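Here chain A shows up in two complexes: once beside chain B, once beside chain C.
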Partner chain A sequence: MKITSQQAVTESRRIVLWPLLIGLAVLLFIVALHMGPAHISIAGAMGDAWHDRLSVDRLIFADVRLPRALLAALIGATLGLSGAALQGLLRNPLAEPGIIGVSNCAALGAVIVFYFGLARFGWFMLPAGGLAGAFLSVVCIFLLAGKQRNVVSLVLAGIAVNAIAGALIALTLNFAPNPYAMQEIVFWLLGSVSNRSMQDVWMLLPFLAVGWAMIFRSGPLLDALILGEETAHSLGFNIARQRWWIVLGIAASVGAAVSVSGNIGFVGLVVPHVLRPLVGYEPRRLLGVSAVGGAILLMLADITVQLLSQGGEMKVGVVTALVGGPFFLYLILRTRSYW
Partner chain B sequence: MTVLLHAQKTSFCIDNIDILKDIDVAVRAGELVGLIGPNGAGKSTLLRLLCGVEQPTRGAITWCGEKMNATSATKRARDIGYLVQGARAQWPVKVERVVELGRLPYQGFLSRETQADRVAIERAMQLAEVVAYRNRIATTLSGGEQTLVMLARIFATEPQLICADEPVAALDPYHQLHVMELLRAHAQGQRAAVVVLHDLGLAARFCDRLYLFRHGRIFAQGTPGEVLTQDNLRAVYGIDSRIDCSEEGVSVTPLRRMAEGHP
Partner chain C sequence: MNGQLFQKMLARFLLCGCLANMASALAQQAVVDNVQGGKPQRIVSLGLCTDQLLLMMVDHTRIAAITKDSKDPFISYMAAQTADVENHNTTAEDIIRHQPDLVVSTSFGSPDTIRILKRLGYRVEVIPLPTKVDDIYPLLRQFGAWLGENEKAEAMVSSVRQRIAATEATLANVPAETAVMYSPNGLVIGGDTLEDDILHRAGYRNLAAEAGIKFFQAISLETLMLWKPEKILLENGVNNRDSLAHAYIYHPAIRDLVGAGNTVEMPPHLRDCFGPMTADFIAYLATKHTPALASTGGALP
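Take a look at the complex of A and B:
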């Protein structure tokens, strides 16, 4: 009897967590749709869209509000999910796409596409650039940090990759054809989901779908890795192959996300860390909740940005970095005993 | 007795250096087989080959008459449990969750825990006597308790063969005996166990047969009484020792290092 009651407690906690997160996400999504300088009726705009009537409300809703809210949710979810997956894979709470240089390399890829005007070859060039950058960085980190579960070598490899990507971005800026191009790239790099369109959303979706599927597919492996790589191998998991699934999934989704939004750091670090105790530290269960949690955090950050800044708008990437940097320090202090 | 696991002329090289050379090992049903030898003699490597985590460079290993590398990963995972040396949970999850992971080879991507899974998990926890701390966090347990949890995880898989790499290293005598008794109890009927040991006394007490390794080769094999002789220990470990035979079995007391140094 004792057993069943304890299981019931765990079950009930699971049952509460999901509706809570989903409810919060939906609420923030609705709030996000209402943010903006113009006062429009969302219901009216949706009605106009439904009946195919042209109106200012509908235009603002469809071209400004909806893509912004959707991108915040989708990109936040991607960052939360890939943070959780990377931490599970490396069994290390400090791993995050931004910290180990994935985001910066994706940004570099996108900047190169910008800079050389490669975007004229098709809509897919920008996400492809981001994806290629992200992929290269993950490969570099795996080669540098190797198989060891060593935080120091991982972070050092990340620093190196980050520095190289930063230097190459600086090089591109250095040779920017004119100050305007430079300013454009710099602002883009800061990370934002404003002034995007539904076209960006459509461009992003296929990459996210593939990347997310690859990451979720690896859930059982992440659970098996609780026991370490050797034991996971003896449980029938082909680690070498499945590791690539996760890495490619992260590269695809983060690469595409960064190519739309620029650098938005620390979401993938903070979200899994906060949610991990609530799912009993189980890496597989952390994936789903981290995706929703990431969406919540980035929507919240984007709403905060819009509330704080009047006139010249603050970039959301700046806000997440301002909050996330100190949090990263705190994490290092907290987990020091761990390594 | 049927031979479950058979390694024939098995060699393993890293960078053209032979870690193991021409090893012949057979594990029969109902046997507890001990692998002993000095550090670096290749015992752990052989264990990794035997449970299919690593592939031999030359030679073949057969499991129930089937080539190991032709056996599907799932079947291998269900049939052979591997206890890694110093195995520890790497996230602070509950003990029960660690034991549940032993059922992964039976679960698909979407399948949920079945009745059979639950029965196996409960049985495994009772067998290894970890029921009392099923809700504690695995990483906060003592070394002995963590080893028992890892053993419970293997029992949950219900394997035919258990390969354990130094399961009693760094454990107190109570836990050493507990782990050895569990392995001994497992190796009955159609099941068997292979265990790497440094404690020659425990090896003598619990194992049916021993393989004594030196420099990647089998130096001696047979019953503990045949393998654990003063001459063998002198040649392999470079130690003088006293060997007593009593009702409780063979006991080995290392006395002093030999003047010639390590062989």
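Take a look at the complex of A and C:
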């Protein structure tokens, strides 16, 4: 009796949840388009674009504001989605691309491609560098901490991978031929979506589409994994193979995202945790809402950055870390019983 | 006990002082020995700008060492004429090796190196950087006086002055175009700078200076777009575009704003230093004006 009433509550929450999240995301996207030092009319700019009239408003809208808002939404969605997928896959509440080192390794791959001129060999080189770095780190984490459902070993492995990747980023930037490289370490370690263009959006989209599709198709496996690997196996899942789909999906989407924005931390940690109770603790259902939630959080963080620093020198990762850091601490304290 | 310790320390301190004085006395002796007819014979330059003036004004046998930068044709106006000159690595240790009788530097030279060399008794002359074109002439004369080359300096001054006047004369009937000098990390060059004066003399209005900016300041891309300059002069500075700082000056919005033909890359070997290259730089910028007939107020309404 109690169970059915709880299910009914969850069901009604779900019905409200989706329109609420989508509505909030659309609202924040519109707000994001209005953020910036120039006072322009967004409606007028869209009108100019529609009638193909040249105007400064249109250029600021299309070349500066739109790519920034789109990137915040797309990258936030990627981080939220992959946080949810990693937590389900590793069955570990602290799994998150930033914490376990995936983002930093992706940044390392992107840094090597970007500062040594390898991006000239094709539009796909930069996100591919991020993908390669992210892939290596997910494999590392799996080997180090994947088999045990142990919070401590995962976090410790993450610390090690993060430290090595961070040091290698610094080393790479030190040897980069461009004199500005070293001061740009802040961007790669904290992340930002400012001063980007539509070229970055187009470069990102194919990688995100493939990565997201691979993660979403593995949703049923995540549901089955709640019952344990053996049960999931007996339910007919080829765990070893499907696991690779998720790993590749995370590597492709997070790798590409980080290669454009740097390492924006904690979005993948906070969002799934906040939304999980609202979708009845079902990993598969958590994926979609975490993607929208991640987009909301990163757009909100980027709007905050623009409000706080006129001129936009502050990195968006500062805001997400200020929100996510205390939350991470709270999770560690709450999961003490696992240790 | 304490008194003894104090005495020992005092003795050591005095000994150090003596040694330093001896070293400086030796160095001063070297200075006197090397100067022939009042002209320094073993000159070291600490930076790109003094390197180039030195290469122009004195016989190369009198140059002891200059920096590696002056051999890079991307940033050095005199790169082709550096084959017979030695390099140093800008540390005091490496410079002392050349036993210079004159060290020249701009006010941008490493303060540590300058302090150490002065303390050791070497003659170090520091030339300030000009903030307008007319500052260049007294600076060239001052530099020439240090080298004992007053006549060469005077000839250089009149040649630079004539060439700049010639360029300005060609622009007499050309309407001034609006321009912004845009550097990596979104810096613009405002008023009270040599660059601002150069822009004016090349027939442009500097919108950054008109917006009240002095020296260098970072502005947002949106602000730059609101200014709607007719020309955007890009400063690359290094022969490498692979940084986020450079992504500012190669952002697609800039080309969309002014049109592909209206972005001008400023050649670093003309822009980085002052002297005869300044006349070349002004002449170069003057050639970039849109022909008067086509100039109907920029790309955008």
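As a working rule, the second predicted complex is superposed on the first by the 315 of 339 C-alpha atoms of A that agree within 3 Å, B and C clash if a C-alpha of one lies under 4 Å from a C-alpha of the other, contacts with A are read in each partner's own complex, and residues count from 1 in each chain.
Definition applied: contacts are C-beta pairs under 8 Å (C-beta built on N, C-alpha and C of every residue); 3 or more make two chains touch, one makes a residue touch a chain.
Not measured: the values here are computed from a predicted model.
Novice: Once the shared chain is lined up, is A:D223 touching chain B (first), chain C (second), both, or neither of them?
Specialist: first
Novice: Looking at A:P37 after the superposition, I want to know if it touches chain B, chain C, both of them or none. Which is it: first, second, both, neither?
Specialist: Second partner only.
Novice: Considering only the touch criterion stated at the top, classify A:R91 as touching first (chain B), second (chain C), both, or neither.
Specialist: In the superposition, A:R91 touches chain B alone.
Novice: Name the contact category of A:L205: first (chain B only), second (chain C only), both, or neither.
Specialist: Neither chain B nor chain C is touched by A:L205.
Novice: By residue count, which of the two partners contacts chain A more extensively, chain B or chain C?
Specialist: C
Novice: Using the touch definition from the top, say if A:A240 reaches chain B (first), chain C (second), both or neither.
Specialist: Neither: A:A240 stays clear of chain B and chain C.
Novice: Contact-wise, after the overlay, does A:Y180 reach chain B, chain C, both or neither (first, second, both, neither)?
Specialist: After superposition on chain A, A:Y180 lies in contact with chain C alone.
Novice: Take the contacts of chain A with chain B and those with chain C, and give the residues found in both.
Specialist: On chain A, the chain B and chain C contacts do not overlap at all.
Novice: Which residues of chain C touch chain A once you look at their complex with the stated criterion?
Specialist: For this pair, the touching residues of chain C are 184-186, 218-223, 225-226, 228, 238, 240-248, 251-253, 256-257, 299-301.
Novice: Would you mind writing out the residues of chain A in touch with chain C in their complex?
Specialist: 36-38, 54-56, 59-60, 63-64, 114-117, 119, 176-181, 183-184, 187, 195, 197-199, 311-313
Novice: Using the touch definition from the top, list the residues of chain B that touch chain A in their complex.
Specialist: 48, 51-53, 73-74, 76-78, 80-82, 84, 87-94, 97-98, 101-102, 104-105, 107, 109, 135, 150, 153, 157
Novice: Using the touch definition up top, name the residues of chain A that touch chain B in the complex.
Specialist: So the residues of chain A in touch with chain B come to 6, 91, 149, 217, 219-220, 223-228, 230-231, 233-238, 280-283.
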